[in-house]
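One chain, chain A, appears in both complexes that follow, with chain B as partner in the first and chain C in the second.
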Partner chain A sequence: MKFLGWKQIVLAIAGFTLIILALIVAKAIPAEALRQVIEKALTKPSGWRNILQESTPLILLGCSVFLALKVGLFNIGADGQFVIGACAAVVVALNVPGPIAIPLSILAGILGGALWAYPVGLIKAYRGGHEVITTIMLNNIAAFFTFYLVSGPIKDPTSQQPSTASISTAAELPNLYEKLPFKLNSSILFAIVCVIGLWWYLKKTVGGYEISATGENTNVARFAGINVNRIIVRTMSASGAIAGLAGALQVLAFEHRFYGNFSPGYGFDALGVALLASSNPLGILASGLLFGTISESTSVLSRTGVPKGLSYILLGVLVIVFAAYRYRKEAQSGTDS
Partner chain B sequence: MRAITKIFGNVIALDNVDLTVQTGHIHAIVGENGAGKTTLMKVLYGAHSATTGEYKLGENSQRFKNPEAAIAAGVGMVSQHYAIIPELTCLQNLLLGAEPGLVINQAQAIERAEQLATQMGFKFNWNQNAEELSPGQAQKLEILKLLWRNAKILILDEPTAMLAPEDADLLYAKLHELTQTGATVLVVTHRLPDVMEHCDEVTVLRGGKLIYTGPVSQTNPTELAEKMIGISMTEHSPTQSSPGDTILTVKNATVKGEKGEDAVKNISFELKSGELVGIAGVDGNGQRELFHALMGLKPSAGEFLLSDQNLSSLSTQQRIQVGIRLVAEDRHDEAVIERWTIAENAILGLQRTPGILKGKSIDRAQQTNLANTVTQLFPTRFDHINQPFRDLSGGNQQKVVVARALQQDPKVILAFQPTRGIDLYVADLVYQGLIKATREGATVLVVSFDLDELMTYCDRILVMNHGVLKEVPNSLRSDRQAIGRMMVGADE
Partner chain C sequence: MELILNLLAAPGSNVVVTLLLSTLAYSSPLILGALAGLFSERSGVVNIGLEGKMLAAACATAFVGQASANPLIGLVAGIVTATIFSILHWVLTQVYKIDHIISGMGINAIALGGTSLIAKTYLDISEKEMPTFPVAIYYIAAWVAAVTVWYLLKTTRPGLRLFAVGNNPDKSRQMGLKPLVIRFQALLATGLLTGLAGALIATNAGKFSEDMTSGRGYIALAALILGGWKPWPTLAAAVAFGFFGSLQLILQGQNSSIPGQFWQALPYLITLVALAGMVGKNRAPAGLGQP
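Presenting the complex of A and B:
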């Protein structure tokens, strides 16, 4: 990346000012807030544990959104696919004994997410229905449907809350490393493998090449002998599958049960993660970690009385500054004849 | 315009160019690709600002900051790439940016539009969606847009590239009428016959420098061509073809058009190895539908055979793999992805042909090889095969697109307007490349709206009119008038 230019620097400074103002409005002293964040989130093992835990679903969902973006679809529905994946995984984990519960639950999560995205691809490819509309609707259906399930059919009878029972310890994904309070769960490996796999597929294979061509211009892709409709349906389903995987891992690694309003909006944060990664899938690792860090920082601050909503301001500013930079480049290079 | 210099980065696009255009004249600007014709016009039109230099309109020194200012002063331009929004109707396109008021009186607007159209001899269904317009019609609409805005100076960039000879003549006749009413027309073109026949004055640019300016009557085509290219060009003389086995057989093909009508009506023909066959005809007579059906992009009835293999059940990808190639009509929206690099575009369409595809991945070394071959087949000016495709000039882009169709063992090459928007010299190279492919055993089918071009290069000429295909008999092979009559169905 070359020198950004004055406009971008002004933009970045404006962004920082906005965040500091937000802190002041929230009755916090910016320097004190920064000290708190560094002391309690960034330099403590428990802080790092939370950051890595938050980043895992964000990275996976970032992959999901990124893949769909490549074929030209805006997958707002990652959140719904995530929830369905988590719910499917929990049902399997509660009913299948012992260690085979783990692979089967993961499979169930992947299938659930893929099935939740499949109709989106179909409607887009063969009927032209816009994916943003259909995914938003499916998000709501997923949220209400799973809420209904945990309020009745799969509710743990002993629980006061709309929640399932906890899965057995054998079905939990083991930690890679544990030195309390620091813990690193093996689910992060899935996230890393997913990012690298995505990078490899998009950059090296003919399938990835055809996905990119379709995303750039469906008409050119058709002329290049690409079955555009099939690519759209498959890619959308794969995007859903990754989101479903994220849901399954969230259950098996961290939550160990499923409950109403399961996702705190990961699917939407993932849009920012994918956008920040720009054109390189490997960037998802970095942007996912960044989002995880911001989330943990604001959660530390919230204990000192600063509202948690600050993280949304921070993320919003980040995405806007980045988008302003990225699309400025495109607008400039697009004018030449 | 005086001493106009325009510098892009470290490229001098225009070097001290002077230009004087008299009111009421049709003034041609000619030159090779990259000679600076379009840049000069864009400076005049306010789309680019000149690095140094000044220009006067009448007595007043002018310097348009943007096209809006130019339009307000009566200067309008139709560029090579039309600014028509396909989702809007013709009328909406006409009004766009120059609405008569906050509330649009539909009836009044149509009345004035109709009046302008009649004045130019055009016909439009104003409530039709613009996406149904053929490129020729789109251009007419663009010209009307300028008249709607009361432009007094009209700049047309390659206006006849998409038109049949009759339509081109008609267009120039109408432009003449316009100049009678005090308008001035600047035409950027590379078609010298147009210049000689229809223009009053001509300016030649080469490499951003002014080479010649003066009345058309004091020059001749050979002289102009030499001035454009800088070297004298030899006339192409057709070499004898020696047709071999039949490669492509089409029997009783019928293809439906956009509106469900039969765009191609029960046509049959054969293409033999070693020959270059041209399809002459006015735009919109079924050529597009025929090509799309041959590529498997459109369903069709009838029999399509490649040697003995039935093509009907093959997908577009499979047809590419058995050796059918298409040089698509619309480079921007059919042939290349301009944001991509040259190397990425070099394999577009060929991505699953043997050699490029290794297992499930793309062989990068082969891709680089192919990109190098494709850019070297016709001398293409570029920095690096990993530079964005859109950095290439139009002519260079087209060279790459044609060269790509000649790769990976093609058997049938379908070329739709392969020389659209490129100059004589490159057009000649493109046809030489196609002819060379036929000599190596392929067969080439070209659709062009430029009859002269087909008459120069093709071994056989077919004519397509209203979806019906006829072969030009050998006796009429060089009779321009007779073929022209067949093109409009006036031969019976």
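Presenting the complex of A and C:
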């Protein structure tokens, strides 16, 4: 337990206190809240259905952020890439008949996400503009742009809300297993394949090694003959492509339509998922499930009168406390940044 | 805000005057936020947590003001809340050495969650009338702050120390400066200014509502970057963004062919294009994010 310093313990206790305090502020009894979560979310088939459904986009977006982190970039923009991917997928799914719409929509989502991340890589590599700033800008532009689209050009004329029409049942991703109230959608397979693929690519291929080398020390990588700028642009686009895939699957598997303010703030959750996975891509599966569980737990609590805002506090505390452990560990192993 | 909307609706009102007034209203929180970011980032602490601090301050100002029926107590509560978050950012980035971006994101999340929790739980308080200072005081404060910041950073000893610590923490350490102390002072200033910005946003609306800063902390950050981390250009960028914001308000009522979302997205687009156009020129403080 070398990385367990007293400073880290103080922070963990402070974080825990903040969460208890938040429950008290929300006029809930912490023990009762825990009982509710166990009873209604963790031990019920419907609870697990929701957890797995919530985890699917989180695992994929976690992969997206993880990949960008490997090359040393914070992809705060997974949110925007997700939204653009989802919007592109809906447009294709609404206009292409039959089951062929599924692969084409997924492709559209991947392309949309990659396209939305491409300028981030370009500006970072060739202009030195910080990726956090450009992605925050692009997130907001994506939100306003898609809101404009669903309230005008691609709006379902019969709908009161800014929303598109629903995609046809042929374009929906089928369920793997269905025994109500439990069901499992095939989109989770994409998430699992994506995690394994990411692990394989980063650990076993030259391309993956080039990414890690660039992320660890740009100058050394440059001297070793790696085209650093190209790696940055390519990795950022790939990161966007995965986020776009997550958006497309969200539409085809669960939402079946696109509407204004589509993302419930997945961008931050995705950063948490990637950070919690630490250095191993396979950890994304576990951290994605954890974040999915938190999301479902706070949903259950919100039905008993504890506002959903609690989930943001939980995630914020979790990410900060975990980052404190992680940076202490890294400082001890002698590497900086 | 109410006042300005009425002015706009009044028949025969002068368009130029109303445009100026609403620019003033729109840009003041951005100016305060951008100056807050200037202090923090000039001392070497990346601050994407402006949004969260402004939101928390808006919430505290509204709720404490409503509960105590005293505008001064409300304003103080807002400033204190923003300062606590600012000090938390200092502790996390300087003592724990957490990455500045992760700390900022975490603070934004906690502020968003916490204020939403309070707003949804204490509905009875939020229905009370919020006692407020006249908004003009905040507008004046924003401009006074801009001049003060410029004077402080250009000509005084603490200002120059702030620059030194932000540009090269190692060298300034060798010169006998204490980056930790100077950054603490800088983040206190950040807390004060984001507190004022949040209080102004709540005052403009007359009550707190969830996520009411709606990205203005990020626009303030964009103004700071567009202004090259320098006081006057930052002020100019914040005023320009405020101008576009009020232009959108005026044009929205006139059935123009350009959608309202375009005007809302414009500050972000301009910043993006500016970042893309700066050829190999990184004007950020050199020591940004370093221990």
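Convention: the second predicted complex is superposed on the first by the 319 of 337 C-alpha atoms of A that agree within 3 Å, B and C clash if a C-alpha of one lies under 4 Å from a C-alpha of the other, contacts with A are read in each partner's own complex, and residues count from 1 in each chain.
Heads up, the rule we're going with is that a contact is a pair of C-beta atoms (placed from the backbone, for glycine too) under 8 Å apart; a residue touches a chain by one contact, two chains touch by 3 or more.
No experiment lies behind these values; they were computed from the predicted model shown.
Counted by residues of chain A touched, the larger count belongs to C, out of chain B and chain C. In the superposition on chain A, contact is made by A:133 with chain C only, not with chain B. After overlaying the two complexes on the shared chain, residue contacts for A:317 are found with chain C alone; chain B is out of touch. Contact with neither chain B nor chain C is seen for A:42 once the two complexes are overlaid on the shared chain.
In the superposed pair of complexes, A:12 makes contact with neither chain B nor chain C. Of the two partner chains, neither chain B nor chain C is touched by A:286.
Touch criterion met: A:213 reaches chain B, while chain C stays clear of it. In the superposition on chain A, A:204 contacts chain B only, with no contact to chain C.
Chain A meets chain C in the complex at residues 7-8, 11, 18, 22, 25-27, 74, 76, 119, 122-123, 126-130, 132-134, 136-138, 140-141, 144-145, 147-148, 152, 268, 271, 275, 306-317, 319-320, 323-324, 327-328, 331. Residues of chain C that touch chain A in their complex: 48, 92, 95-99, 101-103, 105-110, 112-121, 215, 218, 221-222, 225, 259, 261-262, 264-265, 268-269, 271-272, 275-282, 284. Of all the residues in chain B, the ones that touch chain A in their complex are 38, 42, 79, 81, 295, 297, 315-320, 326, 328, 333-337, 339-340, 344, 347-349, 351-352, 357, 360-362, 388, 390-391. For chain A in complex with chain B, the touching residues are 204-207, 209-210, 213, 216-217, 219-220, 222-227, 333, 336-337.
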